[in-house]
Amino acid sequence: MTKAETRQDRFERGMQVLDEVDGEAGQRVIDSLAAISPELGHHVVAWGFGEVYSRQELSPRDRQLVTLGMLTALGGCEAQLDVHINAALNVGLTPVEIVEALLHSSVYCGFPKAVNATFVAKKVFGERGLLPVYGDER
Amino acid sequence: MTKAETRQDRFERGMQVLDEVDGEAGQRVIDSLAAISPELGHHVVAWGFGEVYSRQELSPRDRQLVTLGMLTALGGCEAQLDVHINAALNVGLTPVEIVEALLHSSVYCGFPKAVNATFVAKKVFGERGLLPVYGDER
Amino acid sequence: MTKAETRQDRFERGMQVLDEVDGEAGQRVIDSLAAISPELGHHVVAWGFGEVYSRQELSPRDRQLVTLGMLTALGGCEAQLDVHINAALNVGLTPVEIVEALLHSSVYCGFPKAVNATFVAKKVFGERGLLPVYGDER
Amino acid sequence: MTKAETRQDRFERGMQVLDEVDGEAGQRVIDSLAAISPELGHHVVAWGFGEVYSRQELSPRDRQLVTLGMLTALGGCEAQLDVHINAALNVGLTPVEIVEALLHSSVYCGFPKAVNATFVAKKVFGERGLLPVYGDER
Amino acid sequence: MTKAETRQDRFERGMQVLDEVDGEAGQRVIDSLAAISPELGHHVVAWGFGEVYSRQELSPRDRQLVTLGMLTALGGCEAQLDVHINAALNVGLTPVEIVEALLHSSVYCGFPKAVNATFVAKKVFGERGLLPVYGDER
Amino acid sequence: MTKAETRQDRFERGMQVLDEVDGEAGQRVIDSLAAISPELGHHVVAWGFGEVYSRQELSPRDRQLVTLGMLTALGGCEAQLDVHINAALNVGLTPVEIVEALLHSSVYCGFPKAVNATFVAKKVFGERGLLPVYGDER
């Protein structure tokens, strides 16, 4: 932690962490920001992933559970939920666990936000061939 | 309230309440959730409508006024506003009252959320042949 | 609506409306703002009450239902909920209806915000000798 | 799931789940609601704990991670964070993991909400003799 | 401030202020509201612009900085951010300053809301031929 | 930007920036976090101030305008508003400009959040002997 690093070193360290979570989606966000705010893209990677996400005190799977809760509660973050539901699958959460986390969110955030987040999960699971999570019987 | 009910009994009780409010839109939400989170659909109906909405302490019309206020304030709940502006019409609120409730919301939530909600009302009223609510003179 | 009014005329018109809702609490807010932002106090009265609240398209009772929904959903507005739960009682909502509106809010906003708002109602009802609303049997 | 239950059965089932998480804090909330909204207290227990929290699809520890994320993101839920940071400790999250989840939240919710939540954790940990979590060296 | 004005006087005063900021976008919002809530359109202009924005105590450029911060923090206000990023350019903020204000917002609101707002800026800057703001090198 | 820095170098760089804004309040926050989350305190300084606030693309005065807008809109951030209203004064915003920024916020966030923020300003101005900002005449 105490060795000297350049800005580029830290970006690269963040990219290594991001690659393990969801490198493709992360790269898309950075590319989309390149012409308008490369600095924002830099900090998402170098700070968010390189300095926070990389810490060993909480596992990647646990971080995604916290993140799903936050993005559902914030509202209006459907694009980020898309990225992080993919990431959640990549770090070992099962579709059943993700769906249950969003059901759980209805107790604390109410149904509208829980339903909005669940429809993002439906889109992501559909793209990855993971539907149906449950049979459609009630 | 004290008789024993199965899970299915409670769902059916909720569906009866939902049918009086907006059965078609409710059914669409439940159907959309069937392959991903039938449990969430179950709770929207069995708990939200069967156990809360069904209570006699507040009229359906009054519940929709509270709901319009909440959904406008939360933000990012345009899909739910669509359902509940339809429901508001179904339980007896007039277009003028709905528009006024959203104007009123600008005092407490600011103009951006009030305008967003009013545009959802415009869409719903247009679909139901209720436009113009006002002439366009100022 | 088309007669010419001075700024002071409009403030006085707003105060008349405010007096019917909760003049005492309103006056306290305006007094508290006098040394820092009299302009904000002016607009709460002249615009909020004089130009929006005063309109006939929605009854004062209905406006309070919308307002309770908004303030509960926004969060962090306990001081305003205090004022508006008093106002709600003043314009004819019963304690049972207010409590039910806040129970209803749990479906859309989740339990934490519903519980926070209900504790404000408990404080207001206690100050006005309206407790218990329900016996404490379950 | 299909056996018939009375309202009281479901409340008792919820209390059993709540007792394993944080029965004392839960009982305090229910007691505080008794004179104003016993129905809200009923639903927190019977629905929140009895029907959602009780499900096996997500472990209690995982549910608390999601909940910490939501309560931090919502803001203004310090009282609920107090209950759920206690609950998080009770179901096996370590102080280091809780602190890390709140640090993680700063990436998605910003520093103000992360700092507010961390100060609630400091209060809870202090009451339980768990401070310092870290030495105060930087 | 003390001369008598009609409702129409005040609307016209607001339109003059709005014209200096972004008359075209403002007119579009008012036109869109004409058939559903002309009163809301009136208040956006007559109150928002005529009575608040018009005050000399803060420059138009400074007002847009505050507004960018608010709209980013609220979330779900992409349509309003579009209008106000245009307005910000019109009153003298540079693309670099706008992008930096949104980067700054990530510290207080978190990355998701900062990224959402930055993508709105990218759209607006693209429409006005202002891209790239930065070269795409990192 | 490209020279190699240790973690401690970056913290010290951030402290220099923070000292120019509001070193005393910043130090209090870091001290309060020391026993629970020194890492969070580190990132507030090293990232928030050292890497974002320190950039030349936006002046400290402009950053505070954006920050006042965000903290008012988020709600529940009274402690942070206290720090940043002090900071705003320190970097050259006048009491009149700060009060006006908060009045302006009522248009976009509604009166409750604007009033809450204005009461924080009243507290800060009182502590610094800056009241009354306006005479109490209306």
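Each chain gets a letter, A, B, C, D, E and F, in the order it is written, and its residues are counted from 1.
We adopt the following convention: contacts are C-beta pairs under 8 Å (C-beta built on N, C-alpha and C of every residue); 3 or more make two chains touch, one makes a residue touch a chain.
Here the structure is a predicted model, which is why all the values come from computation and not from measurement.
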Hey, what chains does subunit D share as contacts with subunit F? A, B, C, E
Tell me whether subunit A and subunit E, two copies of the same sequence, contact each other through the same residue numbers or different ones, using over half shared as the line for same. different
Which chain has its C-alpha centre farthest away from the C-alpha centre of subunit D? E
Using each chain's Cα centroid, which is most distant from the centroid of subunit F? B
What is the distance, in whole Å, between the centres of subunit A and subunit B, each centre taken as the mean of its C-alpha atoms? 30
For the pair subunit A and subunit F, the C-alpha centroid-to-centroid distance in angstrom is 29
Taking each chain's mean CA coordinate, subunit D and subunit E are separated, in whole Å, by 39
Quick one: report the Å distance separating subunit B from subunit C, using the average Cα coordinate of each chain. 23
Can you list the residues of subunit E that touch 2 or more other chains? 39, 43, 47-48, 52, 55, 71, 74-76, 80, 99, 103, 106-112
Indicate which of the five shapes (line, ring, star, complete, other) describes how the chains touch one another. complete
For the subunit E and subunit A complex, residues of the former touching the latter: 75-76, 99, 102-103, 106, 110-116, 118-119, 121-122, 125, 131-134, 136-138
Parts of subunit D lying in touch with subunit C, wherever the complex brings them together: 11, 29, 32-44, 48, 71, 74-77, 79-80
Which stretch or stretches of subunit C touch subunit B in the complex? 47-48, 52-53, 55, 57-58, 62-63, 65-74, 80, 96-97, 99-101, 103-109
Per the touch rule, the subunit A residues reaching subunit C in their complex are 106-112
In the complex, go through subunit A and note every residue touching subunit F. 1-9, 39, 43, 47, 51-52, 55
